[in-house]
């Protein structure tokens, strides 16, 4: 799936020069396809759902700031797409400015609201009196630092330097040197990549209303089948306080018998479940399989029960 | 299954006149088959396993004295049979003696070791100085009360009066007026009676060795699928202290999808599981089915996952 | 606690005219205290932690957009404060502009990034070609709509009309008519409000590393003590992908014996747990108490075990 | 507790020459106390409860035949005693007869109903046509083999040879060479032996009526506190089919904080719980203590919660 296919069209959360472009480069290293920057996550998803693009690349989670809520909510409510792959991109922030601006001059700093808190510590120390100006993207922040006199500097990644004639006032100003963002590659909602042995399955699950312990019972659907959960995030359903849906990543592939059985269990339990896809893990780590939970074990158990009925 | 079939041969734990004969009468009310009393539970089972009889009737559980260990252990270790039905028989004990013996004369009382403790309260009050003489069956106790001068009285049920010329010294001497024994009807180990909606499934399950919480994990196999357990009894495996197998009755039939799935789960989890049969419950009570656990729900879930893969 | 106390100093996430001010009005209806708008959630918390203010009011959760991540992360990492109360405020958005601007003229719309997605549906229908300009707060957006020629309109609540001479182009443009935001009242980290019978307890809990099923085991700490969880939200710890802490609200008060026991269990289980406070629920709903989980039951159980040791 | 105390009076399930006497020898190796054989388990318990004896020794479990139901039921219903120790005794059976009787002559064999099934395999091979005559104890069987002409042989342990002039027809005829019986030492129901680090705690627990999953919830009381269960056995309560109480052994001592907390939880959950004692394990194996479940961890957690309230 990482391999590019000729003539593929990729929508990605633009503009050019963002970390999302870095992620797309990972999915299509030879730039064999057409790369189409779009203005919003919803539009990227819709491009694939409507067939205007073959694939979309959007951020889903940052190691410091957490889930990208726009992505989680769009995937929970839009239809027609499925995750086909994932990729993590190291996040390195620089402080950039027009030629001539010195660090001591910087007062108003533009950047994306998800980037700003990741540099808060460095800024507090080195630009104590600064003012944060939110921007729709780091690339837009860079553009404003170049063209808008009221903006003194922008925070953005290395890649914007390819597009904007800015200078680096300070490199690597993120508070966490290991920060990464995870991106997903979306395709249309038919077909599932072949199992590789190191796969993930992503779901959106709503809980039955007014049932104490419903989350516990949901997790038991996985634990009883010996399935590890690698991520769980709650998002409001939106109709009232206290109603949540859960965005969940599991180890394993829907073609693994234990995962298929757990999905069936969740489907019966939950008033609404969305299958977001099974796809190779970015870290290549094989799913841990408990004793008795391999496909051969499931097949043997199936045959045993079948034989009882003869 | 309760209906008798012509020319059926039934082995039952004899001799004639025991409560087991009462149970057999329930399974074959018109006495259409041939009734063959045998000397032991093992022999009754073996008759069916070897094809010498079509059916066997043996006690499995008494409401006061608990599981019939000989039955539980034989079903755990012998092969070739399956439970096809069950029946509960009210247990009423009388104190019986040769004509001429008065209650005041009674010293030595013969009865089966499982019957004796059920009358302990009455005996303590009315025959305070008595001595208990264990007998292989209540009918054998009756025979000894008739023929053996050292035995003054026997404890047995109504039915022995058909066979032995004893007199009733006291009626209904059991301490618990509602005592019942549950009997099972065994057949060969092929085929399963049709589901009736009010069925039970019986299993013998060994736990993985040296795994703390293994019993908890076994029970989760049932609770995750919304299955009620109506009985669980531990029996030593016999090789060393602390190793147990569990004899379990579940609500539902192996043809119910939730039960089949739980059986597959138990099969994968347990080093050894014996399916003892699915059969109509004696009390005719329908299995409780949790929301999402009906056959249609399972079928819908199966189709949903299948559709994901297209 | 909702009652204002004379001479109290309240820090709140400002500027004046935001929904946070509405919440503060709920906590101090007579404006008996001094209200001090501050520029950030971190500053509001710090004011209380350092003793510059007695109380702080900050948003913690929106029914549509979910947890306020800045609040959740600050409460997880800062010390010296505790939640003393909560309040929900209905969120109603208006589209506002300088006198003279008509709806048909609107292109560039300023608002807070958490407000914008809540009006996305209305905007798509009524201002299809608009452009979103993120602002640090809705009040700041209103200010820019008044003073910055490049901004045509702002999205904000009723309250900003007290402060800015804007006109209402459209009322109630939020996509969800029932949207609310929940705010918390913070005080210093000593003392806990008296139990009222309708209380909540808030925690931040980190899970043991690399333990499959750790979340399930955490939830069992509550379910075993019969405690309902009303909210659970995951937030990245920040050091690497896949490490989360959980922000949890429970029914009940730390003075309830079942809650105290669960807290002790969580403390032993978790590498790091932060007690954020026990306080009256905004909705006044009494905690559900399972049989055997009342304080008298706990006291009776304590006395029983104590008596065993005599 | 294994150490004998001068002038102690021990009741034990007699007569002399049984395996129970072997167990008593383990508890009082120098025969410093007075040993009083009694006719029944109930009497042995009652002797201690009424103060006629200081201690009682009775069998509780056999590795082949399982729980001694008379003991389990008596401990569940009688009051005034507590287990203070346990001991396992290897069970070796011999076939014994009057001088002059040869193996080929043996037809009728007397023994206790719990001993007979443990020799079934050997008997089937070597005395195929024999008849089993149940006896109240193995010693009584030996007596009858000596004095009753209708009995050809007895099955009993080595020790009866001290009391009866019988000859050994065959040694070690038990089917399981490793068979053991576990015996308990009872004392009055006040005080608990000091914790040794290798202790057990025994309980009788009734489940709430008509609650599906009640057993699962009971086991969670232990698993949540990290407590291993070494034995669980169901016994009918006796009032109707399907109502059970559970006889449970746990690792640990009531003075261990995790065990005390679990006991309190069980007390609140169960309609009836009987504490049978905490006492040193026969095998001397230390209780496994999960991380966070030691006494120091419990004490730290207690102090943490207490500090929250200051």
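First chain written, first letter: the chains are A, B, C and D, and each begins at residue 1.
Just so we're on the same page, contacts are C-beta pairs under 8 Å (C-beta built on N, C-alpha and C of every residue); 3 or more make two chains touch, one makes a residue touch a chain.
Molecules present, by chain and UniProt name: A, B, C, D = Prephenate dehydratase.
Computed from a prediction, not measured in an experiment: that's the story for all the values here.
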Practice task
Would you kindly count the fewest steps from chain A to chain D, each step being a jump to a chain that touches the current one?
Solution key: 2
Problem - Inter-centroid spacing, chain C versus chain A (mean Cα positions, whole Å) - result: 25
Practice task
Could you tell me the distance, in whole angstrom, between the mean C-alpha positions of chain A and chain B?
Solution key: 58
Completion exercise
dist(centroid_CA(chain B), centroid_CA(chain C)) in Å evaluates to 60
Exercise for the section: Give me the residues of chain D that touch two or more other chains. Expected result: 220, 223
Handout entry: Interchain contacts, given as pairs of chains that touch
Key = A-B, A-C, B-D, C-D
Fill in the blank from the handout: Within their complex, chain D touches chain C through residues 190-192, 220-221, 223-225, 254-255, 260-261, 263-265, 267-269, 275, 292-293, 297-298, 300-302, 304-305, 308-310
Completion exercise
The answer for chain D against chain B in the complex is residues 61-66, 69-70, 73, 88, 113, 117, 132-136, 176, 178, 180, 182, 212-213, 215-216, 219-220, 223, 228-236, 238-242, 244, 288
